[in-house]
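Shared chain: chain A. Partners: chain B in the first complex, chain C in the second.
Coming up: the complex of A and B.
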């Protein structure tokens, strides 16, 4: 049961408590925000891959991440297409190209994706909307345009035109995907049109998307492929790719490191702020605590009151910080086009971090209380 | 016969260590009886608050013995000291109420340390505050109360657990005379009801008459320990005696403090005719027969005095005094008597008047 002194000390001095709660809430909100952005970076690393149908992927041995994927000879796909368990091996092309807004002429880079539009190639995307629209872009200088592309790319409406790498293209359809942190916009073209844009041989493939028969096991087939293929390619199962991508974005990329260390820094700053707030609260009531000691309150009794007060602050602040974070997630999703949402995992993680911060800060404050000399109240 | 609730023997206390060690209390020896209200006075730094904090188990006894309710405080560890404090009520000069709590919640704070039911907590706290005239202010926070009301809440908080010892530090400093006297009166009633001890550190002369004892501390020592009732009675006797006419109340109190109680059985001779004069006597209880050359010449009763003439003139006793029944007499020795005489310039003349009246 909550001790009345713990509760009333918070309620009594409203303005002081409010400023403390605002401070702690702000810290919690920043932690939420940093963690949200961090996890978005990591999860967004798979955003485009998640739209592609494959069990195993073949990549250039120089591959860093989707934005720096390099190419490998298409021959490698022919080498593995006969392996037992392989159903299809489709070449996939990806590259960044300048896009000119047809209205204002401003040029921005856009992620261009391509594949052969045939029976196998048409099955590359999991989105039915894309699959159904692919036949439209067999024609030269036509494309499908991503609705989640930023506004500065210009009109998205089918029938309008845009310029890619100096070539005029006509938008014939739309889809919903998002380029995450690779690009602020994406477009899908046929492999033939890709060749027109980049003057690149279709023998240089970005990814090889391998679909397996139902009975095949990805790890086994991938191992067979590794044995057959040269060392100029990487063969990864979908799970391995996901681990690699996330690891890269979390531990190698500057944005991941920035946001990841940001979480730690904010967490540490949070402990400092919380310690300051609680220490101030405790010092404001130090005579009261010394008086309680004079009455015969034990250290345990006092610790209980201080911790209750600290955690009342922390819980209220957490709720407010949570609410603020949800608001900021929505705002960021709206303004930046990067959807970030609250997850149960993050809510629990931040709650645990907050409890840890509260405990650490309380211990510091508690020391002051335990050192208070009851003889000084005379 | 009242028994001591607090017994202090050879108590010394020091602040600091090594070369910075500073003695605050010196050889304190004193007893506080059940039912007593003791007022402790003395200049700042005289050690009275330190003594209060030692009795309150707020400090550790370093040297000597401090026994409270038959429990020796010397050698208690921190945990035991904390426990000991739960049987003591504290009243602070600045009230030290919890600003965020209502009057009743403030009073309930020490109750957390005892085993009360929720209902008992409410009823007891309400009862205490009602008796202190705060029935209408139970749910007021300290900021909404006057200084007197706040101090009454502090008293309620100190007495709610019915402690045998109440320690108060300048409890009337911020109060007007009427409220200050009401506050001390309440504490006196509590001391009598609980058969406990109320020890008050104060410089407030407006409340001195409530004290059973007044202890004056100077430089860490007990400079005087006066039983007020006895002292007042003695002063009245001394004033009535006319021997000490012209002395100020303070000087009379000083003489009274130096007088000692002596008991005599029936027919026991107190002074003999022809012997050297050594003491001056005042009768507190009983009767004394005065004989000259073996013949009774007078009978003295309560408030009467004898033995002064030989002390003033330096001559032998001119009469024999015998206790007629069980009698209690206050005596003042020759040195103290002479000092008192020296303090009173008109004393010789007054004594002549006395002799004349007797003659």
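Coming up: the complex of A and C.
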């Protein structure tokens, strides 16, 4: 399939080829990493919402993003509960609060989530694990603790204690969620406990989670709510929330902007480095190419060889870069507590980018080969 | 180091100017990646310490249990008076911060927590020129200055607006500039007397709990020795930091606490690794093109140590050229990013020093790796 000359050129000087391949692989790895980090920041914005059951969400009109959500009067939820199509309207509370590690006394902020719980628990969370353990934390000063919280929060096992805002709490169960880029840890308490920790009236609601009857259409009901409700709230369907949240993290937050421009910088750098490495490879054999021309090989034939050689390099490097990136994702996930993984979409996107870079680089070196004059060689 | 009779490394690099230009470009790009990543990483946390950088004090006293500015732990004002009696202390000023009780009513009659900063406004405690300007107004009851960069959730920030703060009427008498951070959406400044009236209505001993103690040192004394002295004299429920130390401590807190910290850190690591590889590429290809010459030099009786020296000199030259070009390029990139977003990547002396060190380390490591190829140059293969 490959022209033997292209293969020979690569194999001829193994250590030089290897060093080129390693160089390109690392460039591909850093592109993977930057893209992974960027898309994680965007997708992670829905991480907590994805665990909640709702068709429409009511938010304060000051709502910025999940980490800065503000509150609105609970009254608004009563106002909409009799709109046709609304099944339930449940208040949900969040706050960032100091959490004291019971072992070493170190204090770190944690995301506290709360909602009304009765003897049957609550239907707010979609995870069965959370639903089953919710009735446990009706008791005063008890909570559920997120396994994905960073290690510095201290022991996670049920039965151990921790302090939230100066109150001792007992951990009664665990769940798996992760605070994404909002918080390094999360915990769930009942609304009654929440009220006591923060001296905060339950009349100030963070999110109103609206579930609709099966027959109702979210867009229609949301529009009806907007007509009824005052200007101090924002009514969003699930899709609208997702769009809003993602666009905040991609374009407004400094994290998104920084990582986004990181992708661009790395991509540009990648093209330059790749072109240089490939050009060096081709130039090493320029006398041979000129000789072949003197033997009567057509320029088209030589161009074919150069392209094959370039793409063989790029493909091998892509495979190695892919492996390096998977390792780097693992390391970052471990350090950041935010799982970053390879996705098919990203694998294809970087593959296309690599092909594009390979082509750009080949065109530059191709010109030199085509211009190589046998007369200049000796 | 460059005292060879024949400056071989210099001549090697200069021999092919086009190639040299390409090599410098390669190093430059690696350095730009590191600059941008480190710049992102270090400036990302800057906004959390704006208040600290504006404090007009040499030393800062903080409750030992206050891990970050965002936490409320206060210490007894008595500690500050004790500190005043230590040799070399010129003046002490208490600074009060309230976030939980400081509920600001906006245009929609909703209350939003705002960071209230209070102190004796007749003293130059914070380097904000507007305080001097509005001193007379701030001395009146229930008056505040508002941070004009506070988020929109607080409603009108116009001068003369009257609203409610902690259920009392307050009037905005002027504004200043500070900006929101990771945990505060806005700031207000008021006199300590107003602070006591607004937030400590029922307290018997008003203004007893201090958030930050600002200590000014007599210019004739050495700040660090006074700091040691204070730490020794005072009971250990407080810590004494220089302003720079406290700023660093606050940034360190956010580096651990912010979920995005490790993302930028790993970006820098990736940039450094890529830098080593690119640099190795360049030096390796340079060694290869002069392999015959290296072998000849060996045939003349020079040891491998000499070859290592030549390659390392080339590496150093490349790193220095690359660094300076990258420095310029980063400033251009930073200004482009600043133009299109609210992000300012500072390219200051501190960051530049870190990057220069990283660049040199990067090139030297790559140089050692590349020189190993030169060692293998065999004069016998030459002809």
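We adopt the following convention: the second predicted complex is superposed on the first by the 373 of 378 C-alpha atoms of A that agree within 3 Å, B and C clash if a C-alpha of one lies under 4 Å from a C-alpha of the other, contacts with A are read in each partner's own complex, and residues count from 1 in each chain.
Going forward, a residue touches a chain if its C-beta (ideal position, glycine included) is under 8 Å from a C-beta of that chain, and two chains touch if they have at least 3 such contacts.
In this text, all values refer to a predicted model and were calculated from it rather than measured experimentally.
Undergrad: Superpose on chain A as described above, then tell me if chain B and chain C fit or clash.
TA: After superposition on chain A, which the two structures share, chain B sits beside chain C with no clash.
Undergrad: Output check: A:108 vs chain B and chain C. Expected answer is one of first, second, both, neither. What do you get?
TA: second
Undergrad: Could you say whether A:375 touches chain B, chain C, both of them, or neither, answering first, second, both or neither?
TA: first
Undergrad: Given the touch rule stated above, what does A:68 touch, chain B (first), chain C (second), both, or neither?
TA: The second partner, chain C, only.
Undergrad: Report for A:280: first if it touches chain B alone, second if chain C alone, otherwise both or neither.
TA: So A:280 only meets chain C here.
Undergrad: Which partner does A:243 contact after superposing on A: first (chain B), second (chain C), both, neither?
TA: neither
Undergrad: With chain A as the corner point, what is the angle to chain B and chain C based on their C-alpha centres after superposing, as a multiple of 10 degrees?
TA: In the superposed model, the angle at chain A is 90 degrees.
Undergrad: Look at A:126 in the shared chain and tell me whether it touches chain B only, chain C only, both, or neither; answer first, second, both or neither.
TA: So A:126 meets neither chain B nor chain C here.
Undergrad: Going by the contact rule set out at the top, does A:176 touch chain B (first), chain C (second), both, or neither?
TA: neither
Undergrad: Counting residues of chain A touched by each partner, does chain B or chain C come out ahead?
TA: So, of the two partners, C touches more residues of chain A.
Undergrad: For A:265 in the superposed arrangement: first (chain B), second (chain C), both or neither?
TA: Touch partner of A:265: chain C, not chain B.
Undergrad: Mind working out whether A:288 is in touch with chain B, chain C, both or neither, as first, second, both or neither?
TA: A:288 contacts chain B only, not chain C.
Undergrad: For the combined overlay, can you note the least CA distance between chain B and chain C, rounded to whole Å?
TA: 10
Undergrad: Determine where on chain A the residues touched by chain B overlap those touched by chain C, and list them.
TA: none
Undergrad: Please give the residue numbers of chain C that touch chain A in the complex, ascending.
TA: 22, 25-26, 29-30, 32-33, 36-37, 40, 44, 65, 67, 70-71, 106, 108-110, 112, 151-153, 183, 185, 256-267, 270-271, 273-274, 277-278, 280-281, 284-285, 288, 333, 337, 341-343, 373
Undergrad: Using the touch definition up top, name the residues of chain A that touch chain C in the complex.
TA: Touch list, chain A to chain C: 15-16, 19-20, 22-23, 26-27, 29-30, 33-34, 37, 40-41, 60-62, 64, 68, 70-73, 96, 98, 106-109, 152, 179-184, 231-232, 254-255, 257-259, 261-262, 265-266, 269, 272-273, 276-277, 280, 328, 331-332, 335-338.
Undergrad: For the complex, give me every residue of chain B touching chain A.
TA: 49, 52-53, 56, 58-59, 79, 82-86, 88, 90, 92-93, 96, 98-101, 105, 109-110, 112-113, 141, 169
Undergrad: Using the touch rule from the top, collect the residues of chain A that touch chain B in their complex.
TA: So the residues of chain A in touch with chain B come to 3-5, 8-9, 11-13, 287-288, 291-298, 301, 373-375, 377-378.
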